[in-house]
Amino acid sequence: MPDQHEPVREYPTALGAASLDTITLLGQDLADDVMGQVGFGELAFWLASQRRPSKGETRVFEAVLAALADHGFTPTAIVTRLTYLSAPDSVQGALAAGLLGGGSRFLGVTEDCGRFLHERLPDQLPMDDAGWDEIALRVVREQREAKRFVPGLGHHVHKDGDPRTRRLYAIAREEDLVGPHLELFAAIGRVHPQVLGRTLPLNGAGVCGAALADLGLPMELLRGFALLARTAGLIGQLAEELRHPVGNDIFLSVDLHNRPVDPDPYRPS
Amino acid sequence: MPDQHEPVREYPTALGAASLDTITLLGQDLADDVMGQVGFGELAFWLASQRRPSKGETRVFEAVLAALADHGFTPTAIVTRLTYLSAPDSVQGALAAGLLGGGSRFLGVTEDCGRFLHERLPDQLPMDDAGWDEIALRVVREQREAKRFVPGLGHHVHKDGDPRTRRLYAIAREEDLVGPHLELFAAIGRVHPQVLGRTLPLNGAGVCGAALADLGLPMELLRGFALLARTAGLIGQLAEELRHPVGNDIFLSVDLHNRPVDPDPYRPS
Amino acid sequence: MPDQHEPVREYPTALGAASLDTITLLGQDLADDVMGQVGFGELAFWLASQRRPSKGETRVFEAVLAALADHGFTPTAIVTRLTYLSAPDSVQGALAAGLLGGGSRFLGVTEDCGRFLHERLPDQLPMDDAGWDEIALRVVREQREAKRFVPGLGHHVHKDGDPRTRRLYAIAREEDLVGPHLELFAAIGRVHPQVLGRTLPLNGAGVCGAALADLGLPMELLRGFALLARTAGLIGQLAEELRHPVGNDIFLSVDLHNRPVDPDPYRPS
Amino acid sequence: MPDQHEPVREYPTALGAASLDTITLLGQDLADDVMGQVGFGELAFWLASQRRPSKGETRVFEAVLAALADHGFTPTAIVTRLTYLSAPDSVQGALAAGLLGGGSRFLGVTEDCGRFLHERLPDQLPMDDAGWDEIALRVVREQREAKRFVPGLGHHVHKDGDPRTRRLYAIAREEDLVGPHLELFAAIGRVHPQVLGRTLPLNGAGVCGAALADLGLPMELLRGFALLARTAGLIGQLAEELRHPVGNDIFLSVDLHNRPVDPDPYRPS
């Protein structure tokens, strides 16, 4: 039985607030200081970190979002199209269903790579490539001995190099924003053939994780930025589905080729 | 039984595609022509419309996204925080759950207002305010006679005017992008007191719908842009919850004040 | 600024409650009166209506759930499998994504049919088939004149009759639970050829809606029961996917047959 | 470029299939052999395991589902009510949002406990309580040394014993279905005070995991059964919200007590 004089709880927030005349967002006047002044990528960064990014940080951040926005008929894109086919009354449901595929396997590389690098940064950062290479060698060897992959290394299509990786490093250099995560990732790119005996590309999802980590964004939310980028991509998928639908063809391509088989009773191992 | 020589289906798309060396997005080279060159708001517009917006269109579009990104402790924000509390293993689940509240009642005004205005545009557009006022008068009277609200009219807090509305009109005028939807909405703002007998503000969600419609974006996806904006807002909510959590307090404020009552058997009317 | 002595809100509920020694559910002792005594279908009915169903009602209700549980490779089943492929860390995400396809087009027929019949029941119910036929004739004619379909009429596979329909009527008759919704639906089945000039089957999704409405369940939640049934079906899909995966093949069958096309700039109509 | 004679893929399934005259589910005639003959809990078990459970197995399974169906105003229940408040057009969205809270923290105990026990079963099962106690002692000591909790041990309300635990053991004994997982869990209940120095109850979520594991259901899907149970519970929450709404009060209790604070710029650790 609650005490009738229990102190009323309060819920602090630095995000949106409203009074009769003004709306505040992140301590700014939404109408006058944010609308028309702050780009959407810049705002997303600001909302996540509660600090306004510099122009250079915004450019790197938006390059990452562009790299992650759409990869064609990924499972998430197919899911959004099929959900819209099945429930056209709910755009929010189609987008949400697509985002739910943003887990460990497809979108997870960005987060995994950012965290992986972060956990392996030394207290004392190296001053030159040789120093980074030394750390990278140790990191790759440890993974190999533990029979684990290095997140961000390898790509099933771009075997000779992922064009997003090259480009994101160039942008980060232009903006003077190559930090320790990108340094270590580059060093892994240089030294891993010595350990693994073959050359793998640094993939785009991985370099995005490294860049987001260097931007000082919360490690727990790296996947969130991939999901933000993907939301824009999924709206593109929906827009295309509305005008040039393929969802029903995809559905039929599966349904018409179902092959009924006998039940296979499950036995626990 | 499928024919073994059934022609293989193809799924056309103008969105992402990849070959060994390049990644294409919307017919552009992703790495060289998009990353570092195209802002995130601009890219989201481009993905949804398959045409690159002008600088002015991008500015209006991003102002709309800013206006819709976060409104404090809305149901969607509370849902994202509670879902994260309950399933911290799944950032995608917390974001998706929040977006699922983006339906007819809270986020729907943007879409409803855009569609409402769109369906009431005359074939021959008026040349001046007097002409728009005439149409607006008819529109408001029809709604009143049908005992229906005008979407976008009224706000429970900003009773004397929504600051987002004033500001979005100013930006659209600066960019020379006040089109017929914004014109009709403004006219509704001028004439409705004659019909309804009191003055209501044009609200921010409504003006955003009018602006998106004037940008020529697909009417079926207006809600989608509100959801995109909200995704950035929900990431902000998650980021704040990670550092200054309130989710458990919200949960307990409900759970500890539950009042067990007798079942009330349902009888269909 | 909240008043520190604002009365504490309370949230009444007849559902679950707990004290040190007991857990109550719907006013029953969960452990002693529900567990081991109440079947799961019976409990789901009870939770939704806050009244305990009879044995006959439970049998009809569970027959409906069985009819709706799984239909093979529906969009919802494909979505659950693809989401699990993409995010195997989140079973809840895979199930939720599948349920999001339970909207107006696929699972909606059950709800649409139940509501359609409910809204057309006369105040004074007929005493015999001839009376029901008269109402049904009027109903079908009205739909035809309005160029609208009759929900629940027609099936793309079971053109000569849906076996679920025949069976559900038999069960409802055995349990003496053929109420006005099932009566009107049967009459529509008898008379529609007179109006439409061809004979269509009463489909299984529709008859399920009629039966749920006759059970006195809330009209707003008819879709919810279809979703409950489908949750069991989607768990079956996941269980099969775990042992005999097809998700990756489905993904590749789409991705490998993508055909890059030029962007098609959107122009609003 | 796909080969035009690429063999058409097939997708095997033992779940639903349909022809002109019949619908098959799990190799049974859906209409005649399932509808009206198979209860919903029984069917859910069958779909997940592809084998028909015995009457006793069904009773234990349904007792588990009853134990997990609803726990009052949990985060998932609040989320479903708030999502419905915000998007009443989408019942599927409200249910899906609620299920997304079924992750590691709240619903996860069932899965965690089942897996925990499963991984610690010896190859040679003990013949008596003394044998189980010996294993349990080792298990609890290992957890303590690793400073990890034993899943399923402890409850914040039922400190003197969870009534669901006692009852589920009684039902399992009545049906002769106490297997090794329930045995080991019971032994943990007997011996843990020796190691931990205080007596904790075996909680209901944990015993449900042990019982599901003893039923031979797939370990990867234990959480799925909790979600199935919860789907019925969430439909109950929605049904109550429709007639006795509290969602808006919950929303206002948070929104009206927000306290705007200054942004707190994030600095990575």
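A, B, C and D label the chains in the order they appear, each numbered from 1.
To be clear about the criterion, a residue touches a chain if its C-beta (ideal position, glycine included) is under 8 Å from a C-beta of that chain, and two chains touch if they have at least 3 such contacts.
Given the structure is predicted, the values throughout are model-derived calculations rather than measurements.
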Problem set entry | Mutual neighbours - chains that touch chain A and chain D alike | B, C
For this session: Could you report, rounded to a multiple of 5°, the rotation needed to superpose chain B's C-alpha atoms on chain C?
Result: 180
For this session: Report the inter-chain centroid distance for chain B and chain C in whole angstrom, where each centroid is the mean of the CA atoms.
Result: 30
Seminar exercise, completed: Separation of the C-alpha centres, chain A versus chain C, in whole Å, is 36
For this session: Compute the distance, rounded to whole Å, between the mean C-alpha positions of chain C and chain D.
Result: 23
For this session: Would you pick out the residues of chain C that each touch at least 2 other chains?
Result: 2, 8-14, 17, 48-50, 72-73, 87, 89-90, 92-93, 96-97, 100-103, 107, 218, 239, 244, 250, 253-254, 257-258, 264, 266
Exercise. Okay, in this complex, where on chain D does chain B touch?
Worked result: 2-8, 10, 72-76, 78-79, 82-83, 85-90, 93-94, 96-97, 100-108, 239, 243-244, 247, 250-251, 253-255, 258, 264, 266
Problem set entry | Residue ranges of chain A in contact with chain B within the complex | 2, 9, 11-23, 25, 29-32, 34-36, 38-41, 43-44, 47-50, 59, 61-63, 65-67, 69-73, 77, 90-93, 95-97, 99-103, 107, 157-160, 163-164, 166-168, 170-171, 174, 204, 218, 220-221, 223-225, 227-229, 231-233, 235-240, 242, 244, 246, 249-250, 253, 256-257
Exercise. In their shared complex, at which residues does chain C touch chain B?
Worked result: 8-14, 17, 24, 26-27, 48-51, 87, 89-90, 92-93, 96, 100, 213, 216-219, 254, 257-268
